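Working notes, structure below.
Going in written order, the chains are labelled A, B, C and D, and every chain counts its residues from 1.
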Amino acid sequence: MLRTLIVAGAIVGILAAGCGPAPADKPTSETPGGAGSKLRIVFVPKSAGNPYFAEVSKGLEKAAKELGATVETQAPTTADATSQVTTIKDAVQRGCDLLVISANAPDTLNDVLDEARKKGVTVVTVDSDITGNETHRDASVLPVDQEKVGPALVESLASLTGSEGEFAILSAATDAPNQNKWIAGMKETLKNPKYSKLKLVDTVYGDDEMQKSTTEMEALLTKYPNLRAVVSPTSVGMGAAAQVLETSGRYPGGPKANGTGIVLTGLATPNQLKKAVEKGVVTKFHLWSPAEMGEIAAHLGSMLHSKKVTADVGKTFDVPGMGTKTFVDKGVVYVGPLTTFDKSNIANFDF
Amino acid sequence: MTVLVVVAATARDPRFLSPQTLDSVLLWLPVLLVVALGQMPVIVTKGIDISVGSTVGLVAFSVGLIGKVNPSLPVPVLFASGLALGALLGSLNAVLVAIAKVPPVVTTIGTLTAFRGMAFLVAQGKQIDTNNVATALTDLGRNGVHLGPITVNWLLWLAFIPGALLAWVLARSAIGRTVYAVGGNPVAAALRGMDVKRILFSVYIWSGACAGLAGVLYLGRYGFVSAASAGVNLELNAIAAVVVGGVPVSGGSGSVLGVLAGCVLLAVVNVGLSVLGIAADWQLLAYGAVVMAALLVDAVGRRAKESSVVAA
Amino acid sequence: MSRRDLVPVGLLAIVLFVGSRLSARFLDAPYLLDTLNLYVEAGLLATGMTFVIVCGEIDLSVASTTVLVACVVSKFLGPETNPVVLVAMSVAIGSLLGLVNGALVTIGRVPSFLATLATMATYRGVAQAWLGPFSAKWPVMKGLDRAHLGNSPVPWPPVIWLLVAGAAGLVLHRTVFGRQVAAVGTNAIASRFSGLPVERTQLAVFALSGAMAGLAAVFLGSRLGVVRHDLGRGLELDAITAVVVGGTSILGGQGSMAGTVAALLLVAAAKTAMGVAGVKPEVQVTVVGVLLVLAVLAGNMAGLARRKAPTQA
Amino acid sequence: MSSLTARGLTVAYGGVEVLGSVDLDLRPGELRAIVGENGAGKSSLAKACSGVVRPVAGVIEIDGQARFFANPREALDAGVCLVHQEPLGFDDLSVGENVCAGAWPRKSGGIDWKQVHNQAAACLQRIQFDIDTRRRLASLSAAERQAVELAHGLARGARVWFFDETSAALTPTESARLFAVMRQLAAEGCAVGFVTHHLQEVVEHADVITVLRDGKLVGVLDKGSFTQADLVKLMVGRSVELDSPSAHKPGETVLRVRLLCVPGAVQDVSFEVKAGEVVALAGLVGAGRTDVAQAVCGLSRYRGEVEVCGQDVRRRSAAARWREGLALVPEDRQHQGLLLPLSICTNATLASLGTFSKVGWLDNIGIRSATVEKGKELGLVYQSPDQEVRLLSGGNQQKVALAKALLAKPKLLVLDEPTRGVDIGAKYDVHTLVRQLADQGVAILMVSSDLPEVMALAHRIVVMRKGTVAAEFAHQDATPEKIIAAASGGDSALAS
């Protein structure tokens, strides 16, 4: 009992002692950046160790240089829904004017984002939005018009397969909102009679883990002997799928191709697939420019923060060097069309 | 147990029993097997090494980086550096457990976190992708010895090296028998003049070295390493495989063949869940249930054995 | 008597001091109190875990239990509910899941490490199978939807945690049950030979750990407003870390609730201090791992110096 | 000349000196007994000489050369071997590996298995044991395990032997065989020292006797120069006599055991214990006596009936039986009887926490005062009631175990080898206590291998052999010869 008291006393004592001088430089009073002070941008990606977000970061830094702002990237070590909460709280406490975040889950950040905004922080989501909870952020910069990704993927698939045969989708987690939206878009597009011979046989989930994605991809090859194609709208999934096709030799022209072989397309960062493209395992795939996304987010955020623009439908703003961007519904801005990577251009990219 | 799972799976979907599935299982095995082989002597000495998952991740990334910077390095050098780095990390556990006498669970939970953090620091936000990995290394998973329609990939052959070594050491060598002795009765081992400290030290280094090797195998198998996900939860799978393979957590006994069987079971279950098309949302549940069933079968078997000993 | 639980208190003081040097914005009482909210779930799990570890067992399934309880409760209760019903239901389901662990250990005779390793996957698996990829809305607790006590900046979850931990500490150190837990953790055979209800004690600690996980679900749910199957990954390691750094012997028998609380505050303070100072999360992870080993090492050294006597005396 | 000479050996645990500046000379061809009460430092002396504990002062010389042993291995290498009371060994390894443990013959990197088994068989044969060296150690009997222990010393080429209460767990036949081996070793030129509590063994076998008291050397006696009574006086500093049981005033039947069967150990055992009566279960080790005691206490599965105070307790757990007035002091103090790292208070009141609590809250003051009081009653020697039990001597540990049983206020007390490994003084205290309890009307079931103890305490003696009741005697009808005859199936010639 005595020990408990000692411990409790020590804690209270330390807290009390520590809190003494704090009011002198009460952080909350100076958090909202005045017009004259440097804009402080904090970027919270989904998780650490992902070069895709390193590209976004690069774009942010480029814009920050132009804006005279500072950028700091704080990536949680695990990509789960709660890990970003701590990171955001600490960033806000340290001092931040513009929070750029790629949300891991659509609905767990509401409180912490509200709190940040109450303290004068502008919140812009990039890459993945908090769908269904848009009121808790100021604006969102998304890669491409979500509605256009599905059709684009189907079209790419059709051009590679001659619009016929069985195909499967290898996605990330079952609850990744972007992925699900794109898959829904693909299914919608497939209803078009011109794709009637393309048959989606299965959708599997690799959780964006190499091992899981590989196992799922291998299982697909076993389950569907007549498989003609695989679409994977995620980097890790495509990387794993390419690896499996190469190992099993079932890519078009591979040693075990059984006729035309299995084609692979989807969305991925180019570095991941350079070798596969060079070897002919993969013909083409797509992605937008993550760096541009970061650049737009920084400029837009800075304008929102200084109230130079409001995120209303149809309002437009200019991004230096990228022309005019328009807000669509719910404060969303799209970056632009998909880039296609193939043998001819892949060497020019490094991310 | 493995047979049961295979029969059940085949009954559900005959496609399960295809060469392609077998190839998947064989490709799934090497990394887990090597980590489990490392774990086994640790568990035999009543210890545990939870840090191996992070060791695999850190080594896979570091070796990937070495290969990226010096693309001309021959593959054996990559394996050697993986082994050396793994052993180095293992020796940190060894010092803490054998010399500083920190309980193994605490030590390795600590290093689990620390090694993962180090992997992030080494990674600097980058990842290793196929682009950076020597083709000679990734080819080890693509080629192998063809036995009829099945390909026994080179990675698995490489995994058999520590397996054979461990089997020989445990069954035949003085150090191996001492491992069993220390696990069976540590007090007696000390009084019999055995160097308990040295044995503990060795098993943790062995575990680290195996995890290091597994890291290179991981690199060869997937050609892609992300600091955040490489080797995550591998320690739990490895421990489960060892225990399902008949090594009691109370130490003192167990065989390498049993561990192999445990790994095969887990590999079959994991591949099977995907091949059978168990919905993604149900896979974790199915996996947990199978592991639990294996443990219960094991416990019932143990009970039967105990009562027969009393009767004898 | 062990003094190992004073190690985290000392370290806590150092961390607070260093933290205040690193950033002037660290020692800000409302902020620190607010941040403490984030550690309440880990704190509750650690409170239950202290009993389990003192009893010579381990419970790796706690985080999964929390998530499963959260999923079940949010499916069963409406959008608004009476806090008493909510807490009672969460704690009841949590205890039930804990009892399953206990039954596996006592009746199934599966070592707790493995039994709870299996239920760790199974419980989360059930949660995932049940909710699928979706979030479920957490019921709003009528009358308790404000985050703070009255108008003060003190948030209520940490206060409740400290009260629960205090009560749990009294139970552990001052009651017959606590004495039985320590006895069973020291030597289960001798306890059985002394007429202690060994199996019942083991069942009880797992149930208690499950109950705490259930209570943690209430806090997790009300903090986030929604629950999903993938919340709280790795929370079990945080809980075990706090217990062990707090001076409880991983071998069972000896432990201190005050130490657990101090250690959890230590981890919270260390992470927060680093976060405010702009230390990257990946570095934070490394530091916390090293801290765990160092704290135990420091305790070990003190312990070794204190008694050099071999056990065969 | 001496094989081993120790001068001024001092051993301290946690700052407490347990052996103070003791000298010892072991000469080749000689059997030396080391005797003393528990806590006198006998075991510490043997351990200090064989590298198990490090002395804080003193010198050890082997064949005239000063040696320092940092660990048991260095002592073994120098030819000093300590044989423990409980055989050490590795259940999952073979007999051959156990015999050669720690120094397996090597061949090209691996173990030379042929050599292992040959060497082990040869060592076992030297002491007239014929055991298949490929069997797992777990499958051996206690005596065979002991033989493996001895063979291990032989394999390591030991020339100085210490036996630390090695005969305590053996039957008279086995123990006679052990002393024959010791004599053989001495005849082969080894120096032998043995630690024992059995004064009979000392009188019969020792050539020279070292007597310790409270960690000090109090005398060195030569064979034939003393009587058993002299020896006891020297050991305890006072004279002790063993008595016969108190006047028999049997009350109602407290324990009735009918047709008890424990699978694999006990067959159809029936007997009764009345209030105020001491019933001894006699017999050889392995006859099933402990199994009966544990079944009665609800610690193992059984068939048949166990009635306590007229109620069948089949469905009651061990805990419930304690609550109904059944208390046990088990044979194995260290593992079954006590929680060694916890305090005296905690241990003493462990079985009676209900008495020392109110609605679940511990009454720490009551616990402390009850412990102190019971300790005084039992003559417990300790520094503080908060002291860890592991720091107490064997006799005092046993008293804590007894205190725990007594604080539960038992109607039936089950004592399993209550004085095993306990010194003469404590043994006397325990005997006095048993008599007092019987006088107070407590029913006592006692398992004992110590025949004088059985004769001194029991009103009735149930002799077991191979899991069944071989005979039952009233005290006045019993003689040690009859008991041994019944226990060993008529083979009384081997009785000591």
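One rule holds in what follows: contacts are C-beta pairs under 8 Å (C-beta built on N, C-alpha and C of every residue); 3 or more make two chains touch, one makes a residue touch a chain.
As the structure is a computational prediction, the values presented were derived from the model and not from experiment.
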Which of B-D and A-B has more C-beta pairs touching across its chains: A-B
Rounded Å distance between chain C and chain D, as computed from the means of their C-alpha atoms: 44
Centre-of-Cα separation between chain B and chain A, whole angstrom: 33
Inter-centroid spacing, chain D versus chain A (mean Cα positions, whole Å): 71
Residues of chain B touching at least two other chains: 116-117, 120, 227, 281
Chain A: positions in contact with at least two other chains: 48, 75, 77-78, 174
For chain D, residues contacting two or more additional chains: 52
Listing of all chain pairs that touch each other, if any do: A-B, A-C, B-C, B-D, C-D
Of all residues in chain B, those that touch chain A in their complex: 15-16, 18, 20-21, 23-24, 27-28, 116-117, 119-120, 123, 125-127, 129-131, 135, 138, 141-142, 221-230, 232, 270-271, 274-275, 277, 280-281
Chain D-touching residues of chain C, taken from the complex the two chains share: 1, 174-180, 182-183, 186-187, 189-197, 200, 253-254, 307-313
Partner chain B, residues of chain C touching it in the complex: 58, 104, 108-111, 113-115, 117-126, 128-129, 132-133, 237, 240-241, 244, 249-251, 280, 282-290, 292-293, 296-297, 300, 304
For the chain B and chain C complex, residues of the former touching the latter: 48, 96, 100-103, 105-107, 109-118, 120-121, 227, 236, 239-240, 243, 249-250, 281-289, 291-292, 295-296, 298-299, 302-303
Interface residues, chain D side, partner chain C - complex: 13-14, 18, 47, 52-53, 297, 299, 317-319, 321-323, 327-328, 330, 335-342, 346, 350-351, 353-354, 357, 360-362, 364, 386, 390-391, 404, 408
